[in-house]
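Sharing a structure here in structure tokens format.
Letters are used for the chains, namely A, B and C, taken in the order the chains are written, and counting of residues starts over at 1 for each.
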């Protein structure tokens, strides 16, 4: 831990995956040789069709799945040396469906479950829970029954219950599914604030606009392999379109319109507007 | 034509209505989009428009639901089912769980109506054909992709030959390819004269799919009009609805003092 | 003698169906717990004249051993017969046939859906376990640690099952599932004439045996 302060943020590898293959017992080859490095403090989006291996990949990061072949290192340590309970202190994974994890009758104990499993107690626990509830905008719902909340707030609750574990790496599986405008804006703010704290964020998403506007790097998967990776400008730029099309993804409108108007790579809405303004002046 | 007039609905066990004074008209061959923030009342409107609320789930309804001029109050669900079908977001929970093949799954509805076997088979074939998923007929319905599963769920409804179809976030759980498949199917379905009400968060999808869009906020309809007009409404974000990318981008361009028509030119 | 003959017939049928190995294993598992208690109770507590051996205050008699052996063989015969039915009958075809013979479609659905729901429930439970392990729940550690994980695992399984049942019943209702009256089923399970003859034949044999037993022609084995 002491070394972290001396090394520049963004250089230390948070995740290092080499030659990762995963074959499920019934024979499906869900991952077919994945190499991936994610630096500390990076915000990375993983995109691709259902069944392309995104969820299988992230489940290796906290040891829920073990490689058939290849290696996974988390914060410099091989993941296979650690139990899931120990990896949970390093990698917080938020599942897609909140109803597959909510069990407490009040919001507060639900959020406290993760950190107390990690041995966080007393004032530290209270602080972690308060901070997580504030981050997702549920501070005034701490005493509510989770099942009285609507789906999108239950989803934010499931995110809070992982944020409260204060893991250096946070993985979100489709955090914007079923969310409305405010929910999506909330998730965007959470990712930004995690990244600002120097924590590493990895998200799986089908929403290309959300991906382009929120993440520093995009990893495109197809049939268990990484077929494209780069900044949103590279991943959604015109040269990458054939690869995207091959996996049924469409770049966000800003990127498409920018290319058609000859403005170059404009993955985000602000980049598009700036390029347009520069072109007209 | 399906018409809701002044409909207010209260769930069983609740003191206050979840939706108030809903007026909704669904004409033949029309696709109407329904948008709104989470918990604004989209799902409730879907249940009321399909008659499931109150026919199946109880609760209290004031106002009226009429289909082709006939009042639907007091009719049992199986009678409503042949006039208005309703689909939900999760393909897995819409599966009966008792069919070994997609064909059997799709045939379940007409079979339940007590139709002769030949008629049931004809309707199942027709429904699969309408959605162009005839090639899935012999597949195990529990082993399909999300998009395919949702198409099978919709085909299962179509086999009842309803003139009206209500879908509550049919693409919420789908990837972009699944979403595209469902959107295409809905377009060709409307082409056959079926009226569709589609509740969705994805305004980019509704933007190209619907002729008309309604906005629900706090249980009330706050806007109802042609798609471009409603999705371009300044108040949309205030109602908790994300404007389509096209609209957002044009607004940003305009705010920078540039011509918003440039966005259309690039799109 | 009777139960042994039945076991032989059932095993022969199972061998033809290619499930003999599995059948013996499953039937043994079913029989074992009851068999153990029957043996303990009857061997040592049944009164008899021929004492074979003595353990503490208990005498094991020849009559007791005979009774235990007979009971175990009967139990095994019953469980092989039931297991053979389970292993060689497609539950969907069975339920469809029951409906064809006049059983209510609702009952038939409950029966079929219960069989079908098991794998879905197992998959859901696996996802829930994965989600809770990601939150630091220790399912690999001490017994105490694992006991702590009971509620976080069971509550979501129960709640999500309830939601699913609710959603599924709505989805079925909109397909006119609740409509009263008969349905015209599309498929009838194959039923060849020799199968029909065999079925009726067995029913007649059963009736004759019952009559014979009641009339005292066939001695009961007490």
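As a working rule, contacts are C-beta pairs under 8 Å (C-beta built on N, C-alpha and C of every residue); 3 or more make two chains touch, one makes a residue touch a chain.
All values reported here derive from a predicted model rather than from experimental measurement.
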* To do: Just say which it is for the chain contacts: an open line, a closed ring, a star, complete, or other.
  => complete
* Asked: When the contacting C-beta pairs are counted for A-C and for B-C, which pair yields the higher total?
  -> B-C
* Structure fact -> Averaging C-alpha coordinates per chain, one finds the centres of chain A and chain B separated by a number of Å equal to 30
* To do: Would you mind pulling out the distance in Å between where the CA atoms of chain A average out and where those of chain C do?
  => 46
* Hey, how far is the Cα centre of chain B from the one of chain C, in Å? -> 43
* Write out the stretch or stretches of chain C touching chain B in their complex. => 92, 95, 105, 109, 112-113, 116-117, 120, 164, 167-168, 170-179, 181-187
* **chain A-facing residues of chain B, complex** => 36-39, 145-146, 169, 172-178, 180, 201, 204, 237, 240-242, 245-246, 248-249, 252-253, 256, 258, 262-263, 265-267
* Residue numbers on chain C that touch chain A, as the complex places them -> 124, 127-128, 130-141, 151-153, 155-156, 159-160, 163
* Structure fact -> Given the complex, residues on chain A that touch chain C span 59, 62, 64, 83-85, 88-89, 91-95, 97, 99-103, 113-115, 117-118, 147, 161-162, 165
* Which residues, counting only chain A, touch chain B once they are in their complex? -> 49-51, 150-153, 177-184, 206, 208-209, 248-250, 252-254, 256-258, 260-261, 269-270, 272-273, 276-277, 280
